[in-house]
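Data first, discussion second: the structure below is written as structure tokens.
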Amino acid sequence: MSTRVKMILILTLFASISGGVLSIVYLFSSPLIEANLLEELKKSIFLVVPNAKDYDEKVIDEITYFECRDESGSTVGIALPARGNGYQGVIKLMVGLTPDLSRITGIKVLEQIETPGLGGRIGEDSFQNQFKGVQTEPAVEYVKNREPEKDTEIQAITGATISSRSIVSIINKNIQMLKDAL
Amino acid sequence: MEVILIFISAVLVNNFVLSYFLGICPFIGVSDRIESAVSMGFAVTFVLTLSAAITWLINRYILIALNVPFLEYVSYIIVIASLVQFVEMFIRKTSKTLYDALGIYLPLITTNCAILGLALFGALRDYSFIENIVFGIGAGIGFTLALVVMAGIREELDLADVPESLKGAAITLIIAGLLALAFMGFAGLISA
Amino acid sequence: MADTKSGDINTGNKSFSEFIKGFWKENPVLVMLLGMCPTLAVTTSAINGLTMGLAVVFVMTGSSVIVSLVRNIVPKQVRIATFVVIIATFVTMVDLFLKAFLLDLSKALGPFIPLIVVNCIILGRAEAFASRNSVWLSLVDALGVSFGFTVTLVFLGGIREILGMRTFFGMSVLGEGFEPWVIMLLPPGAFITLGFMLGAKNLIDRKMKERKKY
Amino acid sequence: MGITILFVSLASMGGVGLILAVILAVADKKLAVKEDPRVEKALEMLPGANCGACGFAGCGAFASAIAAGKVSVDGCKPGGIDVARKLTELLGLDEAVSVSPTVARVFCSGGIKETVMDKVYNGIRTCISANLIGGEKACLYSCIGFGDCCEVCSFDAIHMDENGLPVVDLNKCTGCGECVKACPRNIIGLTGYDEVVHVYCRSFDKGPVAKKACKVGCIACKLCEKDDETGAVKVIDNLAVVDHEVNKAPVGSIRRCPTKVIRVSKPVSGYEDEFKEKIQLEAFEEKKAGTSK
Amino acid sequence: MKLFSFQGGVHPAYRKELSGQREIKEAGIPEQLVIPLSQHIGAPCEPGVAAGDRIKEGQVIGKTVSFVSAPVHSPVSGKVKKIEKSFHPLGQKVLSVIIQPDDEGARDYMKPLGKNASELDPKDILTRITDAGIVGMGGATFPAHVKFSPPKDKPIDTLIINGCECEPYLTADHRLMVEMPEYIISGAKMIGKVLDVKEIVIAVESNKPDAVEKLEKAGDERDILCVLTKTKYPQGAEKMLIKAVLNREVPSGGLPMDVGVVVSNVGTALAVCESVRDGKPLIERVVTVTGNGVKNPGNFFVKIGTPVKHLIEQAGGTAGNIGKCIMGGPMMGIAQASLDVPVIKGTSGILIMQEADYMQEGYLPCIKCSFCVQVCPVNLLPSKLSVIAEARRWDLADSYGVNDCIECGCCDYVCPGKRPIVQFIKTAKIKVREIKEREKK
Amino acid sequence: MANEQNSLILSTSPHIKSDESVRKIMLSVNITLVPAAAFSVYQFGLYTLLLYAVSIATCLVSEYVVVRLRKRTFTLNDGSALVTGILLVMVLPPRFPAYGVVLGAFVSIVIGKQIFGGLGNNIFNPALIGRAFLAATYPVHISQWILPRMSAAAVSGATPLAGMKFDGIVTPFSDLFFGTVSGSIGETSAILLILGSLYLLMKKYIKWRIPASIFVTVIVLGEIFHLINPAKFPGPVFHLFAGGLMIGALYMAADMVTSPITKKGCVIYGCAIGLLVIIIRLFGGLAEGVMYAILFMNAFVPLINRATKPRIFGTGVNHEY
């Protein structure tokens, strides 16, 4: 057998073996992986929309959101995945809203790579809890170095104005987009 | 506009070497002389651009089209490895000068995280074809920038009284740390 | 490398020396300067370092064995391509495994699991050792090198975790009085710490050599 | 579904592999470049000190030249006979190679204790720089003593002693000649390991001048010439020289020299036997011990 | 009047007041003269006499063996004591004729040719310059007849007579210009005639207005132009002078004749004049003996071969403990190992420094202040060169232009780290040359 | 040898040296910093005096220890560590914790300077390395401001730049000029910094091209952006006197060790710093970019020096005349 034929055979063989082996591993692991992801999604949705027990995935104008129902089946809120740029990189959020989108019921930071101890504190509960009950009309705002006064205000993290501002603007932008779509 | 931001981000803000930690091995290995740093930088930029294009195509027309996402790593890497090998052979045959300047660095590139990292990040971020290529070029230029600056510093330090134990890779890493500190000034440049 | 050539060492000793040299004399990170990317990127905590290290142990032993099994039938021209396919297969398995069972860790390690594929250590070892040696020796070598890698990662991750978060494997070790050094969790901290680790290793080596002389 | 995925995977990966393999195979055929594999092998055999003693830019360049048959295999001094033998094997030559090992020797005996220091030197403390204006010692041919030679030795074979003179560790010295090049006063010379009798002075000054400058220099008194039974020692230009072609030890001269500047150097370990025979060292050492008592 | 100048340079304390106003005196004849047979750039002479010979003042004692060389004449009448290797001001040992003078005063000069340059044949002048053993008196000691016979393809249009004397302390040229301006002017015209130049310029630093006045009076403005240059070291370096006066740049590695210029020192002009007019070979020169190490600094007519020790006595003896004896000025002069070395044709000054004046303790790393870069008249990066030499990276030295350095010492003078930059550069030059030679082989 | 004199000294030319010395230069820098430092103690209280003391002590001790460990002799008393110690404090916020200053000073000397081989060999400005390290280590402390004793503003403790960036407040020029604003300890009083540096400029210890080109670039770019959108971007005068630009341009960018040695290089370096300052201030995530701009450009200095090697006399010109 000439080396060239051998070359072709060997590489093709190894590539297909690899494809085969992996597909088998994948077949076994994919249910677990999917379940994991689903679990996570559920957790975040139920976290930001307190009374929700179940949800429907909806898509409008390429915007995905989750309509949440309680045991009775009535709509108790909307969970909206949102993303945008922070200080260091992309921030992903889940935002819980009342069905009429007028108030925030909770937010959860899903992914962020802000500076630990600084912008990273947007992932802390004390920051996220501030958003409960905040009004979205006309827009969420942040204040610095003082207690919030209005219903639309939250307090920015000291030394991380930019991360805080990013969260606020991500929320505003995504809610606006959803509103426009609906 | 989006394209420009992607470019600036890849070069300065999220420099592959200094903030994503990709391609550190060649960064340390080939940054001792400015000439080789420039050559290596060109070679990496070239391969990054090329593989940005090809992996985008694979992602779109094989992985997504055939719904076999788990083949991502295998398919990217086999293509990149073969591609680099092919380019090396090609350059070697066609131009001796080009081979001496770039070719000898090519085998190093196959085992360079930057190449696969680029493919994975690109796929993760849903870039369009053009965006992906710009991302590749930006990452390559960012890599070259870090490499050449480091080479300049190391050539300077060659003449300095650096403590014996820190000579070579150790001081290079520390300088990379200081460079990363300096690059932190650019953080927030794309988000603000 | 000189000592691997001498024929009079018996196999048992030889494999033992193959095994331990990965820890110090041929430590992949500190001496061969390979696999630097994951070393720097994932070591924000000791546990991340450990997971990464173990993933590398798996991929490396697996692929080393296979590579040395097939080394004689793979023609030179497609050697690299074939090896990366083998390695990538193992990496994908680890990746799927982590995603299925350890989702949080998988997220923390991010893209650096797939990047094991190109980690210079893996390929370096496949090229330099497994493709030339018997299965047993390749296995021992891979284990030694990858454990050396793991230990280094845990060490680096430990330092960064202790100074950056006051904890070690999640346990609090430095008191409240110590204000964490955020820099340790950022890229500069990674580079600088590893740089000093390398310097310390060189210093120890030099001191040992000096002592040997007298 | 499972089967489909399995099938699709097999096919797609197989397809990709096939395409790439074909490309590489074609490239391998069309773009093949021949390279001499012996270069790499030769490089492995060389010591890798990149000292340049072979006259090339480094071990790599030497390896290429060797493979191309442009130079003789014994070009690498540090590698010595072992490397030369290996290279011969590699190249398939069967001519017998004979490499006579060379070592560096320092031809000055005037350290701090023996030479007059009649000026103060204020400047860069390297020999080559000090030599610009004459150094500190009265003798213009003496070792300056700042150790440039030690600095350049890649083999750690040469060190300054407490008397301010360099001493070569003959067992470590590979005869690469770096120190010879570094010395601005030509005090170090490469010598065959078996050439063991030397004049340890390089001063061309006339007797009285030399005597004033240094206690242990050659004063050109010609007594050695007179007492030399072998005809190897001559005084030329106020300095005694030993002709090594005359393969005998000028024991008479060694004994006669009033400043003891003609001496026998220590043997390179491993060659003691050969060496003793050649110059009857033992006999000489005994006699010397007797006279000095 | 416009002051001509160049980029870079330094303003060290000039200290010319020590000897500037002292008239030139005869230094007398020492007990013994040591006359090296190599006092010029080029092949050394062969002895033309033997030990024991009686010789006359002006008699040839060293014969040339090649074109680039200059004969050596006896400065006194007396007896040849011996011919042996002896210390030379440049540091090596050189074959020298040692003469015991007598009081007979026997002279053997050449035949005077005439006074007026315009009436003389340039060929005769050139032959006379050759026979008189004249070399450049500005310090470089390049044989004058070689310099004055440029190849055909390098026409010379300008002769610059260098009266800058930019070295601190030295006043020999200054005194010459003040006391013997006619000789200088006439010598300059003779050289001009040999070279067939269009213009002769005498350049003097602005701190010597009296010299200019005298020169202008002695000369005729139509033939010779006197210009003032800025008082700045190294204004007298020929490359800088040509740039300042004519705005021409001598190419790197080239000579003034490449840009159509010849530069000669005022002392050279004087020697030419004397040899043509009086037939006197170059056996005597003006030397400034100065510094705080001598009691009465002054300027002297000195016989070539006179030991330094004799001159110190003439200047009133030593003051304090002597630390350094420098032949030449403080910026470029050479420190001597003993006081027995003789004055040679290129010695323009003897500077004796007290112990307190010279010592420097060590040096610091370069702090990249770039002072040296600012002052380097040839635009090098002295800091880089010194660091390169310190790290022994000779391979880099060449690419940073080490061989273009004129060793003026400006960089060394200003360096706050007190780095011995010039010594580094000199070392590097040697190494670079060595390596190049080895490569050629 | 029979020589009645004591031995003569041999050295190569030149035999005279100017009276400049490293020590003199460094001491001059220290002295010119005193007015601004004294003003800062007055403005921000005695606590800053403690910080100066701690920083200087740490710098000197670390320098001494490292030099001793490395068995080197020089740089112990040249005063450069003193400069580093003072400048480090001058660029920190007034209430920065003292233990942080100890860490910063240690990092300045050890990582910023000694690991490169000590005085003269460092690539980056040591004081800025210390500050950047602290900014990344204690990011919260580094952005805590207080009002100075002589304050023009009523309440807010924000620095003029942060005020501009996050709240759109432009501080009046006179406050910036005299330093009655909040900010880092020693950066606030532009006038004292300028006065101090005039002496250094005169003595050429500062290469004037560096601050000049920084100022020119900042003024030009500041003006351009101000013209584009006066509401969003403040004018050039504000940029010039707000924040750390004065101390940065006059003392830190101009540090001789870490700036280019060629004239052209200095201009390139200065312009690039000016450009980066404006970019970071106007578009970056941080309010102030001087420190990062200088550090970033420090890294380029070897390349700049190489690219701007001056034309050697007699090369590359037409020799026809």
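Read from first to last, the chains carry the letters A, B, C, D, E and F; within each, the first residue is number 1.
What we mean here is this: a residue touches a chain if its C-beta (ideal position, glycine included) is under 8 Å from a C-beta of that chain, and two chains touch if they have at least 3 such contacts.
The structure presented is a predicted model; accordingly, all values stated were derived computationally and were not measured.
Chains E-F form the pair with the most C-beta pairs in contact.
If you average the Cα atoms of subunit E and of subunit F, the two centres end up 47 Å apart. Separating the centre of subunit C from that of subunit F, both taken as means of CA atoms, is a distance of 41 Å.
As a whole-number value, the distance joining the C-alpha centres of subunit A and subunit F reads 44 Å.
The set of subunit C residues that touch two or more partner chains comprises 77-78, 81, 85, 88-89, 92, 96, 182, 186, 188-189, 192.
Residue positions 68, 70-71, 74, 78, 82, 85, 160-161, 163, 166, 171, 174, 178, 181, 184, 187-188, 191-192 of subunit B each touch two or more of the other chains. In subunit F, the residues that touch at least two other chains are 1, 3, 8-12, 111, 117-118, 121, 133, 136, 139, 285. Working note: touching chain pairs come out as A-B, A-C, A-D, A-F, B-C, B-D, B-E, B-F, C-D, C-F, D-E, D-F, E-F. Contacts from subunit F toward subunit A in the complex involve residues 139-140, 142-144, 157, 166, 285.
On the subunit E side of its complex with subunit B, the touching residues are 365, 387-388, 390-391, 393. The touching residues of subunit E, counted against subunit D in their complex, run 84, 91-93, 334-335, 337-338, 358-360, 392, 420, 423-424, 426-427, 430-431, 434, 438.
On subunit D, the positions that touch subunit E within their shared complex are 118-119, 122-124, 126, 128-129, 132-134, 140, 151, 181, 184, 206. Interface residues of subunit A, counted against subunit F in their complex, comprise 87, 115, 117-118, 144-145, 158-159, 161-162.
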